[in-house]
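Sending over a structure as structure tokens; questions will come in a sec.
Think of it as A, B, C, D, E and F in the order they're written, each chain with its own count starting at 1.
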Amino acid sequence: MRPSGRDLSDLRTISIETGVTKHAEGSCLIKMGDTHVLCTATIEDRAPSFLKGSGLGWVTAEYGMLPRATNTRNRREAASGKQGGRTVEIQRLIGRALRAGVDRSALGERQIVVDCDVLQADGGTRCASITGGWVALRLACNKLMKSGACLSDPLPDHVAAISCGIYAGQPVADLDYAEDSEAGTDGNFIMTGRGKIIEVQMSAEGATFSREQMNKLMDLAEAGVAQLVEAQKAAIA
Amino acid sequence: MRPSGRDLSDLRTISIETGVTKHAEGSCLIKMGDTHVLCTATIEDRAPSFLKGSGLGWVTAEYGMLPRATNTRNRREAASGKQGGRTVEIQRLIGRALRAGVDRSALGERQIVVDCDVLQADGGTRCASITGGWVALRLACNKLMKSGACLSDPLPDHVAAISCGIYAGQPVADLDYAEDSEAGTDGNFIMTGRGKIIEVQMSAEGATFSREQMNKLMDLAEAGVAQLVEAQKAAIA
Amino acid sequence: MRPSGRDLSDLRTISIETGVTKHAEGSCLIKMGDTHVLCTATIEDRAPSFLKGSGLGWVTAEYGMLPRATNTRNRREAASGKQGGRTVEIQRLIGRALRAGVDRSALGERQIVVDCDVLQADGGTRCASITGGWVALRLACNKLMKSGACLSDPLPDHVAAISCGIYAGQPVADLDYAEDSEAGTDGNFIMTGRGKIIEVQMSAEGATFSREQMNKLMDLAEAGVAQLVEAQKAAIA
Amino acid sequence: MRPSGRDLSDLRTISIETGVTKHAEGSCLIKMGDTHVLCTATIEDRAPSFLKGSGLGWVTAEYGMLPRATNTRNRREAASGKQGGRTVEIQRLIGRALRAGVDRSALGERQIVVDCDVLQADGGTRCASITGGWVALRLACNKLMKSGACLSDPLPDHVAAISCGIYAGQPVADLDYAEDSEAGTDGNFIMTGRGKIIEVQMSAEGATFSREQMNKLMDLAEAGVAQLVEAQKAAIA
Amino acid sequence: MRPSGRDLSDLRTISIETGVTKHAEGSCLIKMGDTHVLCTATIEDRAPSFLKGSGLGWVTAEYGMLPRATNTRNRREAASGKQGGRTVEIQRLIGRALRAGVDRSALGERQIVVDCDVLQADGGTRCASITGGWVALRLACNKLMKSGACLSDPLPDHVAAISCGIYAGQPVADLDYAEDSEAGTDGNFIMTGRGKIIEVQMSAEGATFSREQMNKLMDLAEAGVAQLVEAQKAAIA
Amino acid sequence: MRPSGRDLSDLRTISIETGVTKHAEGSCLIKMGDTHVLCTATIEDRAPSFLKGSGLGWVTAEYGMLPRATNTRNRREAASGKQGGRTVEIQRLIGRALRAGVDRSALGERQIVVDCDVLQADGGTRCASITGGWVALRLACNKLMKSGACLSDPLPDHVAAISCGIYAGQPVADLDYAEDSEAGTDGNFIMTGRGKIIEVQMSAEGATFSREQMNKLMDLAEAGVAQLVEAQKAAIA
């Protein structure tokens, strides 16, 4: 029934390649099927000014999409002079999600910037950015631990994200573009490795939904995130 | 236990005054306690170009906050040269929420722009904007029906929104600023008059949450939205 | 002869409601007929950097108009990425006018920002902003006096403004939009409570004017400002 | 008493050289003492869209200042990404002033853009721009008359402008920078060749003024503009 | 003598992988040692408006660098609101270079946009962008030929580019970052497959150079471009 | 054969008038035929922050063109909100060129900003800006020497620039607009008074070129720059 032939709860093939750029403190290329996102983590010695003297660190994220990551070319945001509303919304989400998993006291007064750049898009880029961004962040934190800059682990648990939605009347996991563009309801579910919830966003597009449907999507999401966390573990092993 | 002395499920005092500006096709001033938002609906004869020839209409929203709507003055966005990330995120949410309640075919190829401007802020401005924005939209649609421009009702059901969160370990409804700034988890719940869900956004800030807590917030939200819908009905009667 | 039926020297109904927002150090909602402007004054502890060490304070103003304050919707300036020429011109005028009435030495090295936001427009918004902005400024200065931050009064006299013009060949006071859009000549007159002049701007639109006409407009303006000052006194009493 | 040794009513040396650029339809370099402004008029075959079908033309102006036209270097507005408030205010004034002298029906549905670029500034640049801009406009209109594009003269009268102010307690004409920066009150006076008034702007800076002072400045302005009109006549002869 | 141990005329290892994104009409990932650039070509059915009715096509280029492509993180240009001077200069160069190799009449009234995004930088990104951008363009033109949209080949010859410079007193080919940052003189040399020159840019940084040195760099460049053209041929075979 | 009737190696009439503005530390108006550029040099006491503590100075340049410097009016860059790509490219070139001739240690930790504003354009504005900009810089350095701020000369040699190209199949020097717009290849050649090369940029437009042609243009350029240096010497004598 799904365009890709997947079962309702099947995720796409997951690939997380680490250490893909020589400059960044942490990096990976995450592929969820045909969605490819390059994630890098940059350690900066200074926290934002509003944290001065607090002893707390900060994690923030920026998101971009190459102009031809999509089926038709999008105007380059650097050329149009500002980040579009969708970009702003997504990068705020990524930042909040990753930050929720951070022990900011253990991080200390420094900032880690996670850049997520979509090289190829086929649905679910914001979730792939969070899952891959966490891997980049993990690798950067490993450096901080190894060098002694951080004495305890600033990243006590995994963070991963999946989109689920109602496609052709059925709850399905990890929507690709063909499904996403047709789904009447979809949601992004961000959870920790221990199954706690960080953020849930569910939206009707053209049709409302019920609490029963909401619960079914949550079930799919819990199972999906567990698989993503396994893939993260394998990648950083 | 709540700073305002309210019970866990109590909303703030709701006031919705309609017809507050002489120029707009629909308008209201909504007050949720000390949060005051002026909402206007403007009918434009043309739909956005991507709908040309489709027979479908569009509803969009813009959000703003007066510089001194808050405790300290915020820089005027017109002066700083762009809308901040928070504004962009909020106005996209308001637009999606209101659009989800619209019969775009009944509306026909025209656009209604809903402007939500916060005159005074005390938490929950995005939810108040949706609840009040719907009233302005309703009044504008009444004009379209009365003039014969629309033959069937473009607005078949109510849309209203409430924020709920975990404050001091307890689920509470309709957070004010004092609660919102302390809550470990909060969410915005957008529903129709018939109790169907349009959008749910729940976010941990500094603490994750469980499905059980999520369900308790949903219960509060359902009860709260029902009260808001009654207030909308009274306002447009 | 006037569209509103007013006599040549009649002002519109004046209403000045103070204390309309709970956050600002001074605020009022001024209504000149159907022109409604929300004015707030914000005290900032630091003066602009060019005054550092001078012992002198500063007063500045910003002006905005809600998108649907007018008969047709104007594009939101925050969304278009800059303040238009008309806005810039008006807020510079408001700032100069209010500053001219301030004893900057008594104010000390701090800044007061006066925000004037037009909720509904029907002509004369810049004059209403000055008259109402002064009231907000007065209330903020009262706070500074009361708290002992200022030992002598930084606001020794009233400042108020009125527009007058040649409508249908006759000099008239306090133009509303119907008159303003037809007037061949109009002017803005800003004066103190003691009748001294702060700024005069008279402009021909499509027809030049003579010194005799200029004098008649000045006569109207003097009488009109005196009434506005009385309204200010009543509001702050 | 004046820093330059001039009498109270003396203007600075006026020089208007026409035909200074080979490309523009009309051009001049106006020098009022050490204030030098290059003015060009460009004829465009299309009027702005709001005039389509009206049979009326339009005249608009833009103003700029070279970065080192002043004693200390100003940031280039093209580099800072927007025209400052002062620039916007000035170019709106120049446009209004020149437009007030135009027979827009005789001009027909075309636009003339007058560019005023200050090469060297020593006070009074906006007035010099109007006086010189009119000469450039006059030369462009001559071309339209000569070519038969305009059958009657779109420019029936002269427009010129002068600044006058209260310096060291005395009313003086044509303020230079040394005077302008000290004057408690100054004004810009824009008049026609027949002595009718187009625009008057008088402003107190740090001191209010009286109607008597206002009248004295008007007297100086009338005499000054008459001399400027003579200089315009000589330049275009 | 070279930090990498290469001989004076040695290029870095060249790798050109084609078809790296599923959406673009032509694409490749070019690696010149540690400099990695993703190049895509997008065919647009419309030429720019200035070519309307001319029968000629257009090729343009845009250039970007991921924030952490370099040793320290660069601010994202989309976030800073404009493309920096270096970016603008580079993308104009890429566009000119590729355009010089195009038969714009054979291309017909359409546009091809070449996007060059640097994933990892180690010197020579503009030259790699041209060499890789040509491959993406070649693949897009192949599509136009195959579909019959172009009857003759719009791309009659190869275009490739190399940087050469004076490093430690010696002329060297294909500078990496370690050399580029120390070189007193360097240049970019853009040539065709037949050895004709399209563009030469040589610049002294801190030291001038002589015609003799210029000729030696030209010799290196000719040999280097010949190798790059062979790599292009192998990639598209 | 040349539109102007000049011989292949003839430059246009050169005129360099110094001291043309009373405010700048150095200034000149350079005329290369009908190309007129006003150049000013501003001494700033502080070097850019990246040079703090280095003991080295900096020279930078900005370039602008009056809207009607050209045959048709160009939109004012300050009004369009950014400097166009051509402007950015040119001012970076001017800055690099002038900086290459500076002894930054002798200059000390200060900055000189050279502004080049084109009053009238007829081809070759970037070269005229460099040649004239150097004169303004020379005069500013003279001031620094005279005042004792610099003990040794920060400007040990001349810098001048010329454009040469292939017009109608022949190499010609100092292209005017009529030639420039038709030339298949042209280049900008920047050299010192001693004949050393600072920067060479040669570009094909619609036709490639050979090393032989490149050498002929270099010959013309060497002779041309020598004449420009003589004109600089005469101007500053």
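Please note the rule applied: contacts are C-beta pairs under 8 Å (C-beta built on N, C-alpha and C of every residue); 3 or more make two chains touch, one makes a residue touch a chain.
Molecules present, by chain and UniProt name: A, B, C, D, E, F = Ribonuclease PH.
Please read all numbers here as calculations on a predicted model, not as lab measurements.
Chemist: Which chains are in contact with both subunit B and subunit F?
Modeler: Where subunit B and subunit F might share a partner, there is none at all.
Chemist: Name the chain whose C-alpha centroid is farthest from the C-alpha centroid of subunit C.
Modeler: Centroid comparison gives E as the farthest chain from subunit C.
Chemist: Taking each chain's centre as the mean of its C-alpha atoms, give the chain farthest from subunit A.
Modeler: Farthest by centroid: D.
Chemist: Are the interface residues of subunit C and subunit D largely the same numbers on each copy, more than half shared, or largely different?
Modeler: The interface of subunit C with subunit D is built from mostly shared positions.
Chemist: Rounded to a whole Å, what is the gap between the Cα centroids of subunit A and subunit F?
Modeler: About 50 Å, centre to centre.
Chemist: With chain centres taken as the means of their Cα atoms, state the distance from subunit A to subunit D in Å.
Modeler: Comparing mean C-alpha positions, subunit D is 59 Å from subunit A.
Chemist: Calculate how many whole Å lie between the centre of subunit A and the centre of subunit E, each centre taken as the average of the chain's C-alpha atoms.
Modeler: One centre to the other, that is 33 Å.
Chemist: Hey, what residues on subunit C touch two or more of the other chains?
Modeler: In subunit C, residues 81-82 touch at least two other chains, as defined above.
Chemist: Please trace the ring of touching chains beginning with subunit E, moving first to subunit F, and write out the chain order.
Modeler: E, F, D, C, B, A
Chemist: Using the touch definition up top, name the residues of subunit D that touch subunit C in the complex.
Modeler: The contact residues of subunit D facing subunit C are 82, 85-86, 88-89, 91-92, 96, 100, 187, 192, 196-206, 208-211, 214, 218.
Chemist: For the complex, give me every residue of subunit C touching subunit B.
Modeler: Touch list, subunit C to subunit B: 21-24, 27, 34, 38, 40, 42, 44, 62, 64, 66-71, 73, 76-79, 81-83, 87, 113, 115, 117, 119-120.
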